[in-house]
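Input: structures, listed below.
Paired with chain B in one complex and with chain C in the other, chain A is shared by the two complexes that follow.
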Partner chain A sequence: MPRISGWSLIRLYTILVYVWMFTPIVAVIILSFNPQQFGSFPMEGFSFRWYVKLAHNDTILNAFKNSLVLGSLTAVVTTAVGIPAAMAFVRYEFPGKNTLNTLLLTPIMIPEVVLGVALLLFIRWLQQPKSFALLLIGHVVLTLPYVLLVVQARLVGIKRVYEEAALSLGANPFQTFKEVTLPLLAPAILAGMLFSFTISFDDVTATLFWATARSQTVPVKIFGMLRNSISPEINALGAVMILLTISIPLVAGYLSRRFRRG
Partner chain B sequence: MESKPWKPAALLAPAVSAVIFLLVIPVCFIVVYSFWLRAPSGADIPAFQFGNYAKFFEDFFYPSLLIRTIRVSLETVLLCLVMGYIPAYFFYRTESRIKPFLLILVMLPFWISFIIRTLSWINILGDTGLINHVLMKIGLLDNPLSMLYNEGAVLMGLIQYLLPFMILNIYVSLEGIDKNLLEAARSLGCTEWQAFREVTLPLSLPGVSAGCLLVFVLTSGTYLPPMILGGPGNDMIANLIFKRVVGTLDWPFGSAISTILLLLLGVIVYTYNRYLGINQIFKSLQ
Partner chain C sequence: MPKSFQPGERRALEKESKSLAVELKGVYKRFDKVVAVEKMDLEFEEGTLVTLLGPSGCGKTTILRMIAGLESPTEGDIFIQGKRVNDTPIHKRNLGMIFQNYALFPHKTIFDNVAFGLKYRSVPRQETRDRVKRALEMVRLPGVEDRMPSQLSGGQQQRIALARAIVIEPVVLLMDEPLSALDENLREEMRMEVDNLQQLLGVTTIFVTHDQREALSMSDRIVVMKDGRKQQEGGPEDVYNNPVNHFVADFLGHSNFINGEVLGREGEYTKVRVEDGNEIYAPGSEAWKPGEPVELVVRAQKFDLLPDKEDVTAPEINTFKGIVKDRSYMGGEVSYFVELANGTVLHAISMVSLKPYRRGETVLIHVPPRHCGLLKREN
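So, the complex of A and B:
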């Protein structure tokens, strides 16, 4: 049966691509437990030595704090800016709609290097120093198009009739928003916030242009540590980052399923 | 739909002004700065001259970086296509119960920091990395093969970064194909392979081309894999921008290189949009 063998080749190929894609990532996690001085094979035992060392490294802890604060603020600002825009696109017809939509999505097609240089140049022209605020506005621009895409896709399903029903039953516009629109929007808001948090938390290409010694994020810190080859400490830091950012979509997926059921 | 024109305007105002003030105007600044002069003291002098561009094309060094960027980007596109089409087709046709899980796995790398994915290849390709360790253990090698700091290693990092974009673009357009078409082809006597070649493949081409464009654009603007996995001869145009701006603080020249990169991508994206439409790309990112 030629069909079966063709299909099993396709399956094998797919498995190999998966293996190729995940071996390096798994290797980072495994090697982070290697107590040896050099972050490489063979494994000689199993220890949390490098994690303990990380936990005592003040600059890394500080970078973590920066990343978390920056990611959270980016998530709040981008979603606050992005959700109204997404609603405008989904709910209203107006002239220039397509052009505006394309304009808001162009940041995806502009290389991050150019974005990094552009914003830095602009700040320089305004004679402002590099600061945490620069990182924040940069990350908002970086994440806005992705949030728009994700949120728009979810908003399409929220029908106007629900709000009209509330209004016709005597609710005022504010009550309607609070009792009807907001709960319906909640999953879209959550998705937008998670998405922008992760992009901000992980970004390095543009962030390297904007970060200062005081406003380092974790990826920028890792970049700095890489100067002298890969160390087990970097593997441990990488493993923490991987577990943290991977657990976010998984937890979100779990929560949204529970929401739907409840 | 409502007819209060101020409403969408008010809803859009924050997002549109953010993009205009933080992206459009700053990018215009790059173009303006690319005509400025750099004084020997390091100060930037407003001017209108083409010296920075002349410097770029003065000898073969800088243009060769541009050519290498295009070549490496094309190689990445091709390899992502070869590695990505079959898995995308697998997701489209599989009836496995764990299909949602497999799709989440493809998207998982999106959630892992780019720098970690890039440096993770050092653990695989390095002198004491996984491959050399295994090959020496089973006695195939006496001394480690040096696999890092060359174009192959850079390509590994780039594909690792971009393959999910390609797979998802192709998968989204495959999912859009009416499965009745395939059954019609089969019932009219096509073999499985003929049905694929005559129906599925042509109908998946919008996704393929969208994936190719996205991978090309993202590759040509990245500097991390060449910097971490490449050697001195693997720099791409984005590495040059990084070095000129962050390293030597040569803003006018850095701006000129950025403008050249933007022009190159602008021409490609414009041509693509002219003939194929850009919206397909955004579809897959949802």
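So, the complex of A and C:
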């Protein structure tokens, strides 16, 4: 019998933590293939029944469309705002720099409920109705810190001499950014976009406050469905969400490796 | 429009008027409260290789960066080919810059790296290809166009950086410690490479280094700096043989420093009594008055060591008896520390002929008067 060392105990413990974390997720996926209305183990068959039903549910399809559009727009807007901001923080000196940087990172630390209510109050004050634009602004605020952190970290690693070399060779600052800084930043930008998309795609709490009847996202929809009934359709929907949030980063990672190899 | 790559023709053009490529007038640079460069005038003649030499923090890199346009002077003016460039941004100065860590664009092929500067000079595609090819041939790395920088060694990368800088035919080539990231043998090779290329192209080059050997071996002129101040400026031999102060004498080569006092003229010599009581003869000069405190400088290489035997006749003056306290063998030469009877320890480096002296051996140590430098004593 092999001796039980401290390391094997730690290994066992780690495995248990993972089991604890992933069992519910795996259960959802397995149950989504259960043909019965009320799922229980052992399963009495295998069917795509709930997926088919899902595919014919217009409100859910609509919510899916909303989520995808919102997530993509959030990713694009956040990176478009985040890259220049990160450049400013890393490459230039200006008064109030640290304060501003901290302020932009606070959405990570503030509870989403507070953020959700705050934005609603703000929009009340501006006397504007809730809209898709509000939702988009909210999600940009939520995801901006992640893009800022990732891009800043990468930017610190890109040595100034590359830019100086480009400038000395006759490229103006904009050309230098386009030809040298941006390509070197690409992995961080991709990572930032993925963060933004997945966070936006998965967000429930803040989105609950901001979503209108017409701009429901999938997580909000699931939340609503859970309150009314426990339909196995939710399992199927959950499985699709899980698949999407896991596969997008994987595919992106694969593509970027392919891309780098040329 | 840049003219095509014709080194010979270029040099001929420059010869028409012996002019200044770069000039600094009263340039002063302060970072917050730290003064990096004290008010300084410098001139860089067209076609020469000038080295800014000094320990780290002496302001040499700051000067280079100000000429490049990466820093702007707090006060004073910088001229490139007679034109004041204080307000010209770096990308319009037409300079070639070489950095310590090569700074090749890691995401671009060697071709794209070298062709980078040509892109902003509207050079047609075919001409770009020809000029890149020629530049790579000049740095003796032909045919690497399609490789990535990470596939090349450090020395090769620095050659590419050199090609990238010369292909744009810059008015000045600025090099910031370009060899210090390379290992010893490669450094020697690259030093000659840079030197040859500079002479071939005749491009004005400003070279920043803390390595005295680099400075001495390749420069037309050396500017020795310390604490943001110019200490001495001149040709390599001049700076090495006639240092103007303790710092320069100490920074270039291994020197012995002994405090002393001038006794007076004696024939063709100036006689000096040094701290330990010995009397030394230095070259005669009217500059030294009797009683003046001086510092005697002798290069370690200038001492002659003779065996202490009866059949050996040593020169009468500047010869002392001592014991080898310590020695280190360095292949071609041996470094000795010789202790004189009165306790003074002298550092001597001599070529190995026959057998090196042993530790504890009694020797005669001599220095010809012409190798005894005298400096005004500093506090």
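Assume the second predicted complex is superposed on the first by the 240 of 262 C-alpha atoms of A that agree within 3 Å, B and C clash if a C-alpha of one lies under 4 Å from a C-alpha of the other, contacts with A are read in each partner's own complex, and residues count from 1 in each chain.
Everything that follows uses one rule, which is that contacts are C-beta pairs under 8 Å (C-beta built on N, C-alpha and C of every residue); 3 or more make two chains touch, one makes a residue touch a chain.
Only a predicted model underlies this, so the values are computations on that prediction, with no experimental measurement involved.
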Query: In the superposed model on chain A, is it clash or fit for chain B and chain C?
result: fit
- request: Give me the angle at the C-alpha centre of chain A between the C-alpha centres of chain B and chain C, rounded to the nearest 10 degrees.
  value: 100
Message: As a test of reading the superposition: which chain, chain B or chain C, is in touch with more residues of chain A?
response: B
Task: Once the structures are superposed on A, label A:152 by its partner contacts, choosing first (chain B), second (chain C), both or neither.
output: first
Message: In the overlaid three-chain picture, which partner chain does A:205 touch, first (chain B) or second (chain C), both, or neither?
response: first
- prompt: Given the touch rule stated above, what does A:94 touch, chain B (first), chain C (second), both, or neither?
  reply: first
- prompt: Does the superposition put A:127 against chain B (first), chain C (second), both, or neither?
  reply: neither
Message: Quick one: is A:165 in contact with chain B, with chain C, with both, or with neither? Answer first, second, both or neither.
response: second
Task: Figure out whether A:27 sits in contact with chain B (first) or chain C (second), or with both, or with neither.
output: first
- prompt: What is the contact status of A:183 with respect to chain B (first) and chain C (second): first, second, both, or neither?
  reply: second
- prompt: Quick one: smallest Cα-Cα gap between chain B and chain C in the superposed arrangement, Å?
  reply: 8
Query: Common interface residues of chain A with chain B and chain C?
result: none
Statement: chain C contacts chain A in the complex at 68, 70, 89-97, 99, 101, 103-107, 116-117, 119-121, 161, 164-165, 168, 174
Message: Help me check something: in the complex, which residues belonging to chain B touch chain A?
response: 1-2, 5, 7-12, 14-16, 18-19, 22-27, 29-30, 33, 83-84, 86-87, 89-90, 93, 104-105, 107-109, 111-117, 119-124, 126, 128-130, 133, 160, 163, 192-193, 217-218, 220-224, 228, 238, 241-242, 245-246, 251, 254-255, 258, 261-262, 265, 269, 278, 281-282, 285-286
Sites on chain A touched by chain B in the complex: 2-3, 6-7, 10-11, 13-14, 17-18, 20-25, 27-28, 31, 38-42, 80-82, 84-85, 87-88, 91-94, 100, 102-122, 124-125, 137-138, 140-141, 144, 146, 148-150, 152-153, 198, 201-205, 208-209, 218-219, 222-223, 226, 229-230, 234-235, 238, 241-242, 245-246, 248-249, 253
Query: In their shared complex, at which residues does chain A touch chain C?
result: 159, 161-162, 164-173, 175-176, 179-180, 183-184
